[in-house]
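We call the chains A, B, C and D, going by the order they appear; numbering starts again at 1 in every chain.
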């Protein structure tokens, strides 16, 4: 039986962390809602399991997403994660094959060289230890980058890197120590024994030339074991908890569990899965344009982890979703912020609803006081007389950019659709702004009011010009009728040849509104329309990568100067190619950009406004209308 | 320019307008006698601590004016009042308390303004309640470097009343004195600077920020110095038992009357045409306008000319003006005068 | 208490010295632009809620500053937080946050001190 | 507080008050609410000061209450007032001495109207002549009785037996002066000292040894206002005004209120009872109420007349504490005893007795 006291720390650390992770998984599982439990169970014996394994391999080990975003950073993560993984797997095999016995305790694999110093001196074993050295070298190369990143983050192409707390620093050092100490320990051992391969071997023999290698090896084995132990024991309280958490998260996600609007295991698993890699930092326009550097998702999540009061941080966010799309772990950052915003509405000044692992079970926060009385009593249900095909809801912001609404009316007329302008003389807000402020129950009141009006109209399709409204109409209203953004409606009209447009020989660039693009995934229809009528110029900020205009209702704290700063930066990025028009499809974006426009800024228009320029024959619909047989064409088949 | 050296111009009033015009005329080569009733030149700006909108020291403008009149062609007689002015052909014979002046080819009225006497607004209790003071007295406090109430302690709350004696039919002044609003804003900021713990409230009817960077100053007062602005004219001030002033005003934006206690009430007193100026005007029978100031020959392109040939106006004797406008107005007067003196129409009168 | 067939009338006057300005201070602390209002009424003119009620942010703004808290309570919840006012404000007051903070302040006021 | 400031204003509003020969017109309500006052005024002017004050029994109300209550038209009241002028003219008097501030205000208003619209004067002459065959001269001066007392304040001071001081300590008594709105707020020039800082009552109090307090609501109306008072439901408004004044003067702990208008005197006196009943508030030294006196009553007390003869016992707030302070002797038992020894009725539900 091979044993040496220095393996004790490692063993303690290892068994502690294994028990800890198992415990956590149990608690998390226990706290899942019943449907989620079922999902997970079903997922575990089905396709989701395969997907998860694949994802774990691709993301947790290879870190594919990070590599895509930033190869150097990706390589760093990969070398450490994947490298270590290989080291463990191959190490275990090595210990099993060449060790004195089979099915060894883990430490034998880790400290194999110590117990078998002569191993790898010749023949096949030599090749094997060559591989082991290769892997070690691979890891060390990653480690180099990590160290460089820590001190000169720009070198790895990152403008900013996350700030650390003491515990993280200690854990980080221990992590950094693990592999160098292993290297030195093995080198000295090999040096003494004359074994080892290109790395440990050569280094070893080099040291042995002028150092008492055999004596020096032992302390380094201790160091190796200790640093592993320290790292394992600190793990739960550091960001490195993301390593085990992410595995659990991946299973949950692939089994179809989602954040929802309340705090729960999934949310917490997400929080712990954040590696604070800091990719979100550079994506955040509050940082790049408005100089606000303490509210980015990495800090927000860290705050949650630490049970800080992150209410204000949660409010100071554009909710543009850029960080979420960039997050390599796929954490639903928007949803997490929303939970925190709702928590802020709690009657007692609830510092935070997150108490971390080993928490009291206080997930069911009361949002607002229980004796809730309606606040919008003054809203009396208006009834629109029925028999209208399409009901058009311009939205509050559209009323401040009336060109859009009037363009839509022209378009409706041109298509001959039988429509009703629901908020011609002013809107009742859709409720999304209230939701973004965490005031769900107030929003519900508006939702009920608007729903009743919409239903009373008997319309089959609801068209809105405002992506903010569209989002809430699709996500939180249950209208059972089709809800379209006007760009979707227009593109359909074009497909159905209900709208004949001439080609405007002009160049356009397009800004994807956050709520429409990242929010609802509507990227194609606006583009289809634009391709149809103008020369579309690609920018570096298409689709998911689009900017936020800065005007977002998502951020209630941002002052107007900073909003404009964000807008003008975005404006510069978008108009490098000096197009004839900057097109967007959100009244809010349009107004925000108009505020930041300079003399050389191209005209800023909404898709609808451009379409109106392209309508070749406004009177066409009427003419068709007069032809009896044409009636049925006017019927819209709704998908 | 010898033919100009023999031209004599008498300027009445050595304030901002008088000094500027004198300097300019002298540079053009005219002989100027500058008559000032006070003991020293400079006029009202003499007791001003800082000026809006850039908070430059009044001292600097004073130095500029002294520089202007430092010229051998200018002869200044201080503490001198005008006894009479008689027109002989195209000459003016001016008799002062110091004797007869050399006959003048032109007279420039730079008699400036009088400050409204706040005692006429009895309801504000000026001269009755100890801590009701005028904007001018506040400037003096700034100069002295300390703002204290009559009790000798720094005020916890200061009220500033706009439009005292301006835009007020009750005292027969329909005109706006223009500079009070921005002065109030400036003084409010100065108070907040000197006494950061003191609240300042401005009671205004309209904020009339007519000049460059005035609105910006107003904005700064709100944003940086958190000066409170209440839209409404103070109706009355009284003293309560602690000797604090109780101010009554309608908060017209809230649509409710409002009462509050202040420790110091500053009255933004307006401008009226100077009494001494108006006396002189009687001799020359110069026209007085509806607003009590001298009425100019033409409001658009003749606002330095009077209804009498050879008598010209500069500065606040024609209307309320800030220092900038006064200086420009005075310079414009110089152009008018020299073109008049060169013109032939004058000769035919001889 | 005898009944003489009439009762005394409570004055409408804003008693500035007696009113509690804690809410105003709270908002000023968290949203300095609050001080920039010049009472132009643009916000009230565009207000979605004003179509149905006497909601006026212009007025609310003043009432908060004067500590007329009862009326502030009455008005503040009529807001739909739609944010139009913020877009029209010529002084760049973050009006939406002003109302948000007002509601927050009263919530705190009701539980404990602001 | 700078007294010079006030003095300066008082100088600006000096009123020509003749020394003798007054045509006296009474107030409707003063005789019933403060029965001693008018009677003592005449007595004082005639006997103490040896002045000629004439009263024509044919003179009537000025109908001011009806006028302010919107039941008497302006033409009518002009005729009524003109009739009084006619009576004065018939007896050869040029100076009218008016006992009531409401009447005083109406006389001012009418005379000013005649100045600015002479045709109304002519019309009034015509109306009066048609109705009564009387003709009249517009009087030289319009005097309020408080003006007269003000005029002779120093003679009265010379006769003072009980000056307005605490007879124990010698401290001057703190007093609130309240001027009726219609005395000088409509036409400051008719009031001694103008509208902002009227001197009429201040002058009396100070020359009789008292000290006037200047409290924030000094200018405020007592709340009488015919339209408010005449409709019962509106009296709350009327009372709220008095309430406001009392709340404002309370901290100064005044010994008494001196008013020159019948309405003010009555209301500030009687509202103290109503306020006690409705609001549960009482004022003055240890809440015993603040006596509200007429200037004649005060003059009488100062000159040493019996408080009971002056009729102060017929106020809602009794004056004993004040009398004690001034050291004026009085006989409790004689309080409600008439000259013929019979017992008179006294006020009920008193605050301080």
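Annotations
One rule holds in what follows: a residue touches a chain if its C-beta (ideal position, glycine included) is under 8 Å from a C-beta of that chain, and two chains touch if they have at least 3 such contacts.
Here the structure is a predicted model, which is why all the values come from computation and not from measurement.
Contact counts per chain pair peak at A-C.
Most remote chain with respect to chain B, judged by CA-atom centres, is A. Here C is the chain whose Cα centre lies closest to the centre of all protein Cα atoms.
Chain A and chain D have Cα centroids separated by 84 Å. Between the CA-based centres of chain B and chain D the separation comes to 47 Å, rounded to the whole angstrom. Remark: chain A and chain B have CA centroids separated by 65 Å (rounded to whole angstrom). For chain C, the set of residues that touch two or more other chains comprises 33. A list of each chain pair in contact follows: A-C, B-C, B-D, C-D. Across the complex, chain C meets chain D through its residues 1-2, 4-11.
On chain C, the positions that touch chain B within their shared complex are 12-17, 28, 32-33, 35-36, 38-39, 58-59, 62-63, 65-66, 68, 91. Interface residues of chain D, counted against chain B in their complex, comprise 1-2, 4-6, 8-9, 194, 196-197, 214-219, 251-252. Contacts from chain B toward chain C in the complex involve residues 207, 219, 222-223, 226, 228-229, 231, 251, 253-261. Across the interface of their complex, chain C is touched by residues 344, 347-349, 375-376, 378-379, 396-397, 399-400, 425-429, 433-434, 437, 439, 442, 446, 551, 553, 556-561, 591 of chain A.
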